[in-house]
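Every chain is named by a letter (A, B, C and D) in the order it is written, and numbering of its residues begins at 1.
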Amino acid sequence: MTRVVVTVMPRDGVLDPQGQAVQGALARLGFAGIHDVRLGRRIELELDGPDPLAQAREMCDRLLANPLIEDFTVAIED
Amino acid sequence: MTRVVVTVMPRDGVLDPQGQAVQGALARLGFAGIHDVRLGRRIELELDGPDPLAQAREMCDRLLANPLIEDFTVAIED
Amino acid sequence: MIAVVRFPGSLDHDSAVRAVEAAGGTATYAWHADRALPAGTRAVVLPGGFSYGDHLRPGAIASRSPIMDAVRRHADAGGLVLGICNGFQVLCEAGLLPGVLRTNATTSFVCRQVELEVLDHDTPFTRDLGAGLSIPIKNHDGAWYGDPADARIVLSYGMENPLGSIASAAGVANAQGNVLGLMPHPEEAVDRLLGSTDGLGLFTALVRA
Amino acid sequence: MSVALHRQLGLTDDEFAQIPILIGRAPTDPELVMFSLMWSEHCSYKHSRRMLRRFPTDGPHVLQGPGENAGAVDVGDGWAIALKVESHNHPSAVEPFEGAATGVGGIVRDILALGARPIALLDSLRFGTLESARSRHLFTRAVAGIGHYGNCIGVPTVGGEVVFDDRYEDSCLVNAMCIGLVRADGMLRAAAFGTGNLLVLIGNRTGRDGIGGASVLASAELSADDEDKRPSVQVSDPFTERKLMDCCLELAADDLLLALQDLGAAGLTSAASEMAAKGGVGLDIDLDRVHLREEGMAPAEILVSESQERMLGLVSPDKLPDVLESCARWELDANVIGTVTGTGNFTARHGGEVVVDIPASALTDDAPWYEVPRTPGPAATPLALDAVPVPADLGAAWLDLLGRPNIASKRWIYQQYDHLVGANTIRRPGGDAAVIRIPGMRRALAITTDCAERHCELDPRGGGRASVFEAARNIACTGAVPYAASDCLNFANPEKASTGWRLAEAIEGMSEALEAISVPVVSGNVSLYNESPARAIYPTPVVGMIGLLEDAGASVGHAFAQPRDAIVLLGGGAARLDASEWLGAALGAPALPDLAGEAALIGVMVVAAGAGLLRSAHDVSGGGVAVTLAESALAGGIGCSVALPLGRRADETLFGESGERIVVTCRPDALPALRAIAGDVPLAVIGSVGGGTVDVQLGDATVSLDLEAARIAYEATLTEALA
């Protein structure tokens, strides 16, 4: 069994309302020096099979990420 | 400026209905050998300041994670 | 005077005011950025909505806003606080109520009428309520998660548990009973014209306080 | 570059040749981009504008007809209701969640632009069949997007409709309707005026969202593979929209706005040029003062960006501090980006240089228009009943019909929509029209959207009439008087085949029907080119209609209420299987709706409801009288027993469709009064309410529907197909 970590983040240039809201909230809590906040998803998959990375990539293409507005990366975690 | 990555995941033992829903959807798409799917958040912060890691940790304590159901990690990304 | 707290993204504040008025009281707004409740506040309502867009976690950002310190002081002094839907989420995130609200088991928004059982009549809110209430729910993150041993579960969905709450909880109070949060929307059930008046009792309780 | 820039931007050579004539010189690149968008079908209605003039748009209660961001009618006590339907078809086909969500956002801002508080939303949807995985995906995501946006901004989605048909497989339709409430004397317009007044841009920052043709320019200027210069899909931000609503309504209430305009298609270009042209003034805009989300945006990109959740307010200089303070309180960006001038020109500066300087009216009023070919389509031929197989078991057929996606319960959809927020929803989705209280008034509104697309395919004029009458019947079933309409004309490519004729015929039919019931069209939208090489959509003229109820407490629902109530069939429609749901295809020749008959039936309903005679009412639409009876029985949790004349064939009598029929119930002792009101409108007492089954006697035979079995068939379809 392999643990694959998928990271899905909003694409550069695409509006990230969540990140903006969190940035505003942190500033209101008194944190200073925050230049940018981007919010994305982390998906941990426990996979069986010969090529878990390729499988995870296909999962991203078909379901986990929206290529029009998101970029993804996949990595094996040990 | 430092990029700090905060990862917030559901705590072990806490049921993750969204992860389960994704697992179900992947199975319906024909993917086999999926043992577990966990859904969490990835927050990328661009921070200024002397100790960005400590600052990010404080942000987690005060806002970014809810300890009742979530665990977090912080890391500097280069 | 009942204070209805307004956050950016609050949606049900006007309905909450109307419900207070239907119960014979008067209401005024408190603004999220204020540090004190309006003078003469006897009880507080945190209304439904999507405060701060529900970004990060529902209620999380609102629970850290300045007005919440004043709400906490009001509660600590024994004052009544009623959190409805998003208000319930805010109270949990603020630590004024035990547990947290998580995404519905359906993983979707659910808007429909539900039948509630009143399990605990021994709070200022529930003293005069009947055994059952018909009130709508409408939320995306309404599954209460927490330790039932530590919580006063005041309202329950009974056998149905449409959102997947622990112990089928629909409404939870603090140990003293003066802070109550519920996912169903009593302010949508104060007028016969809209189908039910079962929510009125909760507002009468506030007005009496 | 191999193809001339203007062609890449979608302008024809003739259109391009017009520009120097209008402005006296060759256009700059940003100007060319602006012309290309403003002269697109979407912005200029160049293929449909002339035909739209046919619609009746006047009435004593019309406060604002077509031409502003939304129409508005007077509903008494100093209040007005604003309404409009709009499409977001193409974006929804590309990215269904964001496309549908931003569609809702856009229509809400159209209403807001009148200074009206949005109080209700409806969605009218057309998708491919549920057998298609692609359509299931598009549909599920579009519903989620509509729900997400409407729920988050706190405007109840109280109704809508959906049709699944293979003809929408390649071009789904997502239309949204919004209703708003505004003081009749406080309505804002979009016209700019008063030299020296300021243009304030409020809301989200401007990024490279949805930049259509301008991307061509951007990629021509920059290296084509420059990733981050690519236009991006519009991402919805309902939280900002809600703040924008709260803030703009506060500004309007405090009398701080002279005019208000939303930024929709073609962004700042369209918003500002329309404000200028409407007011006959010029605008001088400094693009450096537009708050940007991304660095290095070209002037053309800023001018046509379709970033969402932005409004343009006209403010007098002395009110500016108050406006900015209010925006800050709502945590919204607000910037003065320009001033009103006396030139009549749309002027834009960037980096200190004038990059655009053209008459605003050249963009708006001088857009080309085209007469589209009106080649008639084939005449419809009546269905040969013999060719339709007789169902072996009518009871089983009935259950099957109740479970068909186009008939089955739409609970799966509307349960995901907050249809209650605001605490005004008197009649929730699931019946005919929704009914909402008008806040602060004794009156209430009934609202619906409808379209008879298969009928339109076979006979666009008849289908146009049928679409209007279906909406009016749904309104009348609640007891409300049909009061005003908006529409969205979804059609295929107007330059091809018979589409132009269909469009004109549908408009004619709709207009005839609207005139018959004295309902004006006060706003609308056109969406053309809904076709792929494989399929064109049915002509789909969606009608959004509102009705007025004098007494909010007196609305009528569709649920059977009391055992022994009499069941009455009103109206002269004849059951036919042509184009019916039972047939499941656009075949046959549906009867041309009778203008006088439909109008009379609607009049009778309103009077009967007003007299308090009706305990329930439900029109006969998809699935025929069998489905009407079953739905009223299911809603009331009580059956009925009915006898119908056998007619030509039992399946036709049960499942046949037509307009002009409504099933009502009343106390038996109310029958004489109902007869008196009905006058010449055909009335037949067909049975009574009661029992746990729906029994229909046809000649010697009785067909019976068990309510529990019916409920399962009716409720399961969407839930199971979309799990």
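As a working rule, contacts are C-beta pairs under 8 Å (C-beta built on N, C-alpha and C of every residue); 3 or more make two chains touch, one makes a residue touch a chain.
Predicted model only: the values in this text are computed from it and were never measured.
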Which of A-D and B-C has more C-beta pairs touching across its chains
A-D
Suppose each chain is reduced to the average of its Cα coordinates; what separation in Å results between chain A and chain D?
36
Hey, how far is the Cα centre of chain B from the one of chain C, in Å?
29
Distance from chain B to chain A - Cα centre to Cα centre, in angstrom:
9
Between chain B and chain D, what is the gap in Å from one C-alpha centre to the other?
40
Multi-chain contact residues (two or more partners), chain B
41, 62-64
Among all residues of chain D, which ones touch two or more of the remaining chains?
237, 239-240, 331
Taking each residue of chain C in turn, which ones touch at least two of the other chains?
52-53, 55-56, 61, 64
Each pair of chains that touch: what are they?
A-B, A-C, A-D, B-C, C-D
Give the list of chain A residues in touch with chain B in this complex.
1, 7-9, 19, 22, 25-26, 29, 31-49, 55, 58-59, 62-64
Residues of chain C defined as touching chain B within the complex
56-57, 60-61, 64, 93, 99-100, 102-105, 107, 143, 145-146, 164
In their shared complex, chain C is touched by residues of chain A numbered 17-18, 21-22, 25, 28-29, 39
Seen from chain C, its contact residues with chain A in the complex are 52-53, 55-56, 61, 64-65
Tell me, which parts of chain B touch chain C in their complex?
14, 17-18, 21, 41, 62-64, 66, 68-69
